[in-house]
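Right after this note come the structures.
After this come two complexes, each holding chain A, first together with chain B and then together with chain C.
Entry: the complex of A and B
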């Protein structure tokens, strides 16, 4: 990457980090695993999402899925056609505090996102290099006969990873009350 | 009518073809069938096959005689051969004594190392024919049925088949399987928890709903019988595992072409589309909605927290909601006894019975799910997945990926393919 390009990239990331961190903190306050993300088109945040798995009791409601749903809802109201939706997605970049899991990485590939930036790696579920690499199209079977091919996307990790990790740390230190079996005892409840 | 229906376990690791099996050398000998029992008992004492418990020591072979007379030939594994030097010289003394007293003449053979899973298929028989006369491969064709034709009781199998029929009915519009269908089932009470079809396009009339009201009265038999009597069923399966239609016709099945949503029908209409609303995702959403309805928690998160803690404690105290972790070795779960009498009160479960997500529930899918759906089902803690048709280009449970074998994940489900009979 060119130097100027890299500077621009970090400048943007700084800006995006703030909104992601706010979202992740919001998730933390709601006793959710703190993950937040924003989707950016032409340098402008057009959607955001935070993890809502406990509240919805739907373990698939990750930040990325929330943000994608928000966008699709917007575009439905704007009455965009399928091809317009596809074109829109191909211009979008996603910034997320933690490496997308296998499900989200697949979803991002399906919608045809342009690029993904993430904070810390996800060494149990990560779908962008840690466990599977769904962002690289070559991991998908090459199909023939006009069938659609898997779409890859550019993916960069380790962006402000320390901040992302400390978010997780503060969450797990308070104890995840919604885990099926607490791996460590919940901190004594000092809350009112 | 249903002889053709079958449940096949899809293992966590890809099956190894017999000729690529890791093997070790062993010393074997032909024996007189009269002494088989004595010899095996003695050999198990003096030369036990420690790490090869799956291997049967005795191998039976039918040998064609000259005048159309056949006889059964028995051979037995005496011991493992040493890794170096002349293998036949390294036989330990007491085995050597045994050989002398029964006048055995040893030869070297191969023993399969890993317990692999294969059905009794044609290729298997073919392989058996290929193996040479004195090179009988122990372990390879003696260990077959352990997991392949799974340990489902007659009753459990029938229940699995019924739910799969139900899913296939859901996926049908007319005679065609144009979408995927997903049915989440609580096997302990044989009850449908949630059901959905692909909703990647609004043109399709969504069939999913929260089955809160209906599910209690909607017992399996009624719904399935209704489905069967109501529809003309003529979808036959081809040898390649697909229903009798060419593959191209299934582009509407979200999991088969997850990238294809934008390219379908190049119309510019304003139809709503959501590329991620695959049947599994919608069904999970539906089951979560049902959970919130059945077990509402007080609005405040602080209260919620303490409630969750109470719930956790009751769970760890062996509540029925905390069901056993399933892996391929204990797939035989005793459905019947402890839970059947809950049927009547299924609608009024107490809070302590609230399951964690879909813990203990099964998922029935017409098509093998894509990687997004497969991971979603891990997240939601589904216990077992049954699917009817493979998804060669995007399937995540054996075809392209094999998510059930991914050890780093925090939850693992067992995966089965239901071979659909000709009555569908």
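Entry: the complex of A and C
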């Protein structure tokens, strides 16, 4: 990668980082696990999402699923056909503070997203390299060391990972009021 | 298992099969991949879903995700707390015509469903034994031969699998108008 390309890459990532971080902070303020993401087409943010598992009482409402559904709702209103939707997704990039989990990585592969950039790794449930690599496409199902793929997508981790980790640290330092009991005492008791 | 228990087990499965098959057939009539499921609490169907990936243009709208979201919407309206939702799910069983895929199996594990019964195996994307075993709980993440788990759930496959396979056969024999091109010619051209 040329120097100018590298600079452009980091410039873009900084901009997308800002959008993600705003969303992740919003999640943090709402006592949600702080994960935020944006979906970008031609360098422009066209959808965003943040973790909402507590507010919705739905453990599947991760940032990525929120962003996907928001975008598809827009495209449904614009009456895009299934092939137009697939064509659009094949040009979209997703930027997220933390590595997508197995569920989200499978979903992103199903919809055929072009590329994913994430911050810190998800050592427990990561579906883009940490535990499974659902992003890497393969023509044949693999039954060991991997998993069958949807369309697959390019994936780069470790983009501003320190900032992502510090968001999680803020969350866990304040105590997670929604963690299964017994949990660590809350530093600051939150009203629920 | 005692004879009377076995009979009760099959009686219940036949009843749930009927509900699932109605949904799967509805999907078939709508030119969707025919998968249907029901969620059962105390032997009573409390939610159902069928595959809607084409109609919604959303490749993540599998039968299980539809049923989960329908049920959570009901519970939100009833103002159930997060712990009440978790408690309810821990008593629910899901009956589905085909083995949940990796995305759905991860989602079912996240929400903490009690038990899943499925018809035929999903050899390409199955997350309950065929490719991965996201249902089997484990206290430690596994990086080979398995995957990290949510809460895990009990899972039994092969329940009326022949009927499930014949639903798929009907679908593929009529030709899948939504398959990526080139696909086999449609036996009966459908209006889209």
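Assume the second predicted complex is superposed on the first by the 173 of 192 C-alpha atoms of A that agree within 3 Å, B and C clash if a C-alpha of one lies under 4 Å from a C-alpha of the other, contacts with A are read in each partner's own complex, and residues count from 1 in each chain.
Basically, a contact is a pair of C-beta atoms (placed from the backbone, for glycine too) under 8 Å apart; a residue touches a chain by one contact, two chains touch by 3 or more.
All values derive from a computational prediction rather than experimental measurement.
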Clash or fit (per the criteria above) of chain B with chain C on chain A: clash
First, second, both or neither for A:31, with chain B first and chain C second: first
Touching partner for A:131 - first (chain B), second (chain C), both, neither: both
Chain B versus chain C as contact partner of A:57, first or second or both or neither: both
Touching partner for A:19 - first (chain B), second (chain C), both, neither: neither
Superposition-derived comparison: chain B or chain C, residues of chain A touched: B
Colliding region between chain C and chain B, picked from 24-32, 42-50, 168-176 or 330-338 after the shared-chain fit: 168-176
Interface residues of chain A shared between complexes with chain B and chain C: 56-60, 65, 68-69, 72, 76, 80-82, 85, 101-103, 106-107, 110-112, 123-125, 131-132, 134, 141, 143, 145, 147-148, 150, 178
Interfacial residue positions of chain B with respect to chain A in the complex: 248, 257-264, 266, 268-276, 281, 284-285, 288, 291-292, 301-302, 304-306, 308-309, 312, 315-316, 322, 356-357, 359, 370-372, 375-376, 378-381, 393-394, 400-401, 403, 406, 408-410
Contact footprint of chain B on chain A as seen in their complex: 30-31, 53, 56-60, 65, 68-69, 72, 76, 79-83, 85-86, 101-103, 106-107, 109-112, 123-125, 127, 131-132, 134, 140-141, 143, 145, 147-151, 177-178, 180-182, 186, 189, 191-192
Residues of chain C defined as touching chain A within the complex: 54, 56-60, 65, 68-69, 72, 75-76, 80-82, 85, 101-103, 106-107, 110-112, 123-125, 131-132, 134, 141, 143-145, 147-148, 150, 178
